[in-house]
Amino acid sequence: MEKANGKAKNVRIAYIGGGSRGWARYLMSDLFLDDRMSGTVALYDIDFEAARDNAVIGNKMNELPDKKSDWKFVMTESLQEALTGADFVVISILPATFDEMEVDVHWPEKYGMYQSVGDTVGPGGVIRALRTIPMFKVIAEAIKEYSPNAWVINYTNPMTVCTRTLFAVFPEIKAFGCCHEVFGTQELIANVYNTKTGGHATRREIDINLFGVNHFTWVNEARYKGEDLMPMMWQYAMENPEGDSFKTLNWMNKMFQSNSAIKLDLFKRYGVLAAAGDRHLCEFVPADWYMKDHETAAKWKYALTSVAWRKQDKADRVKETKELVAGTKPVALKASGEEGVNQMAALAGLGSYVTNVNIPNCGQIPNLPLGAVVETNAYFSGDCVRPLYAGAIPDAVNHLVIRHSYNQEEIVKCTLAGDYEGAFKVFINDPQMRLPLDQARKMYDEMLYETRAYLPDYEKYVKSRNK
Amino acid sequence: MEKANGKAKNVRIAYIGGGSRGWARYLMSDLFLDDRMSGTVALYDIDFEAARDNAVIGNKMNELPDKKSDWKFVMTESLQEALTGADFVVISILPATFDEMEVDVHWPEKYGMYQSVGDTVGPGGVIRALRTIPMFKVIAEAIKEYSPNAWVINYTNPMTVCTRTLFAVFPEIKAFGCCHEVFGTQELIANVYNTKTGGHATRREIDINLFGVNHFTWVNEARYKGEDLMPMMWQYAMENPEGDSFKTLNWMNKMFQSNSAIKLDLFKRYGVLAAAGDRHLCEFVPADWYMKDHETAAKWKYALTSVAWRKQDKADRVKETKELVAGTKPVALKASGEEGVNQMAALAGLGSYVTNVNIPNCGQIPNLPLGAVVETNAYFSGDCVRPLYAGAIPDAVNHLVIRHSYNQEEIVKCTLAGDYEGAFKVFINDPQMRLPLDQARKMYDEMLYETRAYLPDYEKYVKSRNK
Amino acid sequence: MEKANGKAKNVRIAYIGGGSRGWARYLMSDLFLDDRMSGTVALYDIDFEAARDNAVIGNKMNELPDKKSDWKFVMTESLQEALTGADFVVISILPATFDEMEVDVHWPEKYGMYQSVGDTVGPGGVIRALRTIPMFKVIAEAIKEYSPNAWVINYTNPMTVCTRTLFAVFPEIKAFGCCHEVFGTQELIANVYNTKTGGHATRREIDINLFGVNHFTWVNEARYKGEDLMPMMWQYAMENPEGDSFKTLNWMNKMFQSNSAIKLDLFKRYGVLAAAGDRHLCEFVPADWYMKDHETAAKWKYALTSVAWRKQDKADRVKETKELVAGTKPVALKASGEEGVNQMAALAGLGSYVTNVNIPNCGQIPNLPLGAVVETNAYFSGDCVRPLYAGAIPDAVNHLVIRHSYNQEEIVKCTLAGDYEGAFKVFINDPQMRLPLDQARKMYDEMLYETRAYLPDYEKYVKSRNK
Amino acid sequence: MEKANGKAKNVRIAYIGGGSRGWARYLMSDLFLDDRMSGTVALYDIDFEAARDNAVIGNKMNELPDKKSDWKFVMTESLQEALTGADFVVISILPATFDEMEVDVHWPEKYGMYQSVGDTVGPGGVIRALRTIPMFKVIAEAIKEYSPNAWVINYTNPMTVCTRTLFAVFPEIKAFGCCHEVFGTQELIANVYNTKTGGHATRREIDINLFGVNHFTWVNEARYKGEDLMPMMWQYAMENPEGDSFKTLNWMNKMFQSNSAIKLDLFKRYGVLAAAGDRHLCEFVPADWYMKDHETAAKWKYALTSVAWRKQDKADRVKETKELVAGTKPVALKASGEEGVNQMAALAGLGSYVTNVNIPNCGQIPNLPLGAVVETNAYFSGDCVRPLYAGAIPDAVNHLVIRHSYNQEEIVKCTLAGDYEGAFKVFINDPQMRLPLDQARKMYDEMLYETRAYLPDYEKYVKSRNK
């Protein structure tokens, strides 16, 4: 890229998973709505057609009158082609297909175990990790070869272990993982503040300190222009035993909604505010608490997202894509609320700022393992992401967090070593797991079998089991 | 004490809980059966009569022909009197009465929660800690004042938090906690070795490396004269899916027996050998695993020790004591297998050796919190206990251990501060806890109420709850 | 203070050392030149008259047409009066008089030891610490009592140990130490960049990463809008063996000037750039290197600042002050280039930013002791200063830095405990010290004697020496 | 080896540097004087003849009537042959010849820098490290290939970096470094005790706690049967300002003697007792203190060992060897006082004990870098060496120790990477170094040139310098 007059030209972004009908579109819009950068986005996807469609859609957007910058979109047919010359690399892939995700999420139901998302921790998270980590190994090696100086932004789940894999394979990589879950808590805090004071705080104005692992982060400080908002939040939690009173949406129909009943219950338990949404939080604690079955979920005012729903949702998006490509539906620019473009601009030297991010722990959280990927705030400036010191997680909460951090370190290590026996230890160590050892093993073996097409070391494991 | 010719004379031992009908008698026997030390034992107990009975019994033992050393026993009526001039202090007390212990162990049954011992962790362990820690505060302050240079050996449960309290109140104290649970695992290993090889290894010859917290320690290395025995133990675990084949005792009738079925199940889960007995191990993991109810316990071949049984056992011991005092039953010397006398002799400069011990973590276990009391091997020499480096607990196991270590640190801190609200966080953080927040609170409040006579800050808590 | 419309009104600043003729004036000017805050500055000084003069001068400034905000200055006669109600506390005091400083700096010359500044480390720094730490103890206790929630900015040397004392005495204090030495290095880098590229970078646009202790910080990364400037700086160092070619001032006449010859020599030794000025740097390394005598100093193109010069400088300032108060010389506003006002504004919630700061190490520099005061960048936002992770100091340099960090921790501990025997260990451990033990002791005892009026535990020390 | 009846037969020891006329002979004697083990010693040396001579001598010893065990000695012509089947590997080599050592020790005299030993730190230690580390790399790789399960004992200097190299190249190696310097301090303490009390303590009965790096270890606790001897040592130091009064030997004629004047001076400085002999201690602190020149050494009652003396000593030993081989001088058994045979016996499972040892820091010294080789006590038992927790070195001393620890870590890293530019940083960071940068570089380059025959990366360095 070249810089002049406070702007960056000829920026090159490689988008791995460039056929994405969600995240890729958000990024396109955001790029056009920011005037600081212009350049080219190389879309790479194993589904060439999906990437080509996105290129067509992106180039149509470039014709829109409300765009603030110029971007060209090209479909590429190899990682090498996409990555060569890249200033930034974005990774948002679906590991395997929704059929495998169906195994992740629903197979454990045969054993009485339910999951709300199933892509981060729990049986679904572990099995998904086993097939995603090898993909990230390939990507990390390609980045090392073709664009070692590019900044890499990962959006893929399981966020923590995917990002950790990038660093495990290519330790000098300039990478971080990015997730919007925290923003919802900032919005909740802003809502509470505005309601109680008549103020006009916005999400980005709520300064928080956060620590934890992705989808299980915690907020111990929240301020608006220096005013401590935690007492106000505690009062709010006491006043709303049923959960967030701002949510009037019918969460039953909304697969991704909740009213923060779990967030506030955890707040009452520990005195710190869980930062992710309820659908994620419930997966990190013993399943009995909030996720025993559909009834328990309903009691806590959220829904267990089914993969059938995801399949239907995808079909809708494919249909819409065809219309956008054909021009029967017009393209349009809409701000996503995501931070990706701001982060890239900061890294391009166009303005520094602080936001939350997933990177290896170098001490920003002194009581989680060094090297494990953690989520805290970081300072973004020209070519530099530097974590802010977040402090120690309170012990009462940390036993919940460190357990996952250990498991995540272990699953990356085992998967890279092709050690599915070691991975089974992670499987049984998850707080969702309530089965006796033999039942847990049976379920594990079945889930591996069902997703074996994406498990490079499956045969090796079967052999070792049969010895 | 004075030393000459490799022996120590005029040794003074203060025994707090000196009316004990179990541990105190073991120590008496062991003292007489060792020829290295002689002196006086000052017995202090809030039950003066029990201490006086033990003094009588001890002095009778001093008349036995098979004794190897001279010991005089005196009953003392105050901590000051007992401690002044002491070289060693032994603490083995029953905090409160079996009525309170009945609340600890059996009250949670109203909520469907069963416990096998109930004196270390779980609801019973937390409530017991709340009343025991203040007692240890008094003892630590008395030691600081009357015998600051004495070596202090604690046998009281909850071992970890009691020992931790001594150091919290008097940081320069020379203290350690002592427990025999590990010996059973050394015996099991010796049995396996002898059976498989025709050898004659004894318990003390089995060199182990161990780490963890009391009643939840783990062995990752075991050798006999340099030979690695862990592969043999793994083979043994595989061959004995039902548990330890050496145990022919009818565990159903034995309140303190088990056949290591849980120990071996955990071994199969994690690849390291749990060192305590099954009755303790089952309390440190989610209750679903091994301790859901009496049936589950029976399936795993152990029994949930009832306090009714303890009360009967005590009555038997009281009766026997009267006979011993009256002379209708003769006193006798019998080696207990405990390490207390060997430890004292080493500290007196009469021979150094290595044994397991509970002391604050200064890095012997790098992945448990510094300062928390942990159990590892230590080197005992003249006036010195120095931990051996034990190494990091494998991550897959450590999430189980560190959770308790966090809780134990927290319960000490909260109890010393009179913060029963903070202690409730520990109560709900225990892996045995499966109740929703409101049910857990109800049970906690009831258990506090039932044991309030021994809770110095109970009224303060009630007031804060009623605000 | 009250906030509205992005501004803060009724801000109250307590200035301890408010008679200062240097730092206090800089702050006054900077306050008037910033439009974000207005309020009152309470000037406290043991020299009441000096504080009163500054109040007069400040209030005159308030009449100037180019001021951007309103400030009122009042002289206060006690810490209590100054601190009560304060939002911010600024500390810039001269500990004792220039007579004591003359002992600090020049007494060691009798033993062949020269010093360039003598207020941070070395014999002068240690003796100065012994009399300054007790003053900061008094200040910290007053802040704890009268303004525990105020933000405290320290400018006094020895910066590190003064700031450390604040935290040692009042651990919850919201304090940091502030020093401009680093800015000079940012300016040097900007100069090099602009010269080599024809660019227009300013000091504040040079992003650096820094670590170390005050007056001995190091820069391992420097960027301008994301461009790595370290290779350019290395080339510059190679091309300028005699030091900084930008400095055309006659450093011989300038007591506070240098041409960075030492900075660049250290750069060539270690590959990281020392951030303070040469007059400070030379005091942190063995005196042989750069500060053996006046000739050595001249060779390295800087001067050893004499206290005689400081006395004359003070006399000039006193004279000027009288003129300003009398109105025979007009007051004027002039930006100082310091960061104090920006820091206060950020803490008031009026805009967050990153700057360098001295605060206790919580892990921002993992290879310096936890708790020791270190200098790194930190993120300033509403009511919050949060260090950025700076990383480990390269080992080759850290042996120089950690030595001082150890000494600084020790001198604070010893001085607060009145242990001048322990302080002597620090005295002989300083890298400037080349004397044999007995000579070092003689010099130490003499310097203590000469400054005994300000040493609260002097008599105690003399007694222990005479035993 | 095979074990039976508390003895080990067919033990195989590989001795690398097996032509040694000092250490190898000590070990031979010690082996024959211990009845617990018997077997074969394979002697390997690049000087085949010297190894053959030692084999002859060893086999002659086997005929002596006072031997307690049977040992066979064989000369081997390759590392592979020596190592294959080894239970133990002993390494005691002279890296290069005394000509190179002459450069190490005496070349710096041209620049006014004198050294007492010159084989551990300082200019001599660094240059020696540069040629020794590559030799240890070869040895470590051979051990990894031919005897990965053998226990490896290193006696070669620089002890710390040689031992560190073994672990750097083969992390799973079972190795430790062994040095007798500490024993002298135990003897001194025993002497003081016996003199003051009329007691009969022996060296091995003095329990000490020690920490540091080899040749620069410190004792903070010393006890005899539990009695604290440190106050007695302090009194002794005060009473003997000229040094150890027990030493009546004429140290001027004894190249390896001293009277502990430096040891006691350091004790007075820091309150902890330096454990190595004065000839080593003086090399670890600024050279001005005790080693400025021959006069300074004389004043401190020790001599700077010249390499000319070593050459003469070697000639004497060669002559004696020929006589022993020819039978003109009879062989004899004499206990060396070294611990090697006891250590091997313990590792063979024949009795556990505690002694001091050099191994990587896993936390036994919490304020030295993890992984760096440090010296503390360790517990030797069957197939296991486990460090005792030694504790943090007092800060006042640690700045001296950690500096060397950093340098040692760096020199190993740089040498293995062939980075002599990086090694120069270590060269100038040594406390003996007083030269300006250009003079230091000149001396470094000359010393490299003079020893280039043993420096594998010399040409690479010259090229980079000439660029």
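Remarks
By written order: A, B, C and D. Residues from 1 in each chain.
Note that in this section contacts are C-beta pairs under 8 Å (C-beta built on N, C-alpha and C of every residue); 3 or more make two chains touch, one makes a residue touch a chain.
Predicted model, so just to flag it, every value in this text is computed and none were measured.
The chains touching chain B as well as chain D do not exist; no chain touches both.
For the interfaces A-C and A-B, the C-beta contact count is higher for A-C. Each chain gets a centre from the mean of its Cα atoms; the one farthest from the centre of chain C is B.
We define each chain's centre as the mean of its Cα atoms; on that basis chain B and chain C are separated by 55 Å. If you average the CA atoms of chain A and of chain B, the two centres end up 46 Å from each other. A complete list of chain pairs in contact reads A-B, A-C, B-D, C-D. On chain C, the positions that touch chain D within their shared complex are 265, 268-270, 286, 288-289, 369, 395-396, 398-399, 402-403, 406-407, 409-410, 425-426, 428-429, 434, 436-437. Touching chain D in their complex are the following residues of chain B: 3, 207, 209, 221, 223-228, 347-350, 352, 354, 362-364, 366, 377, 379, 381-384, 386-389, 391.
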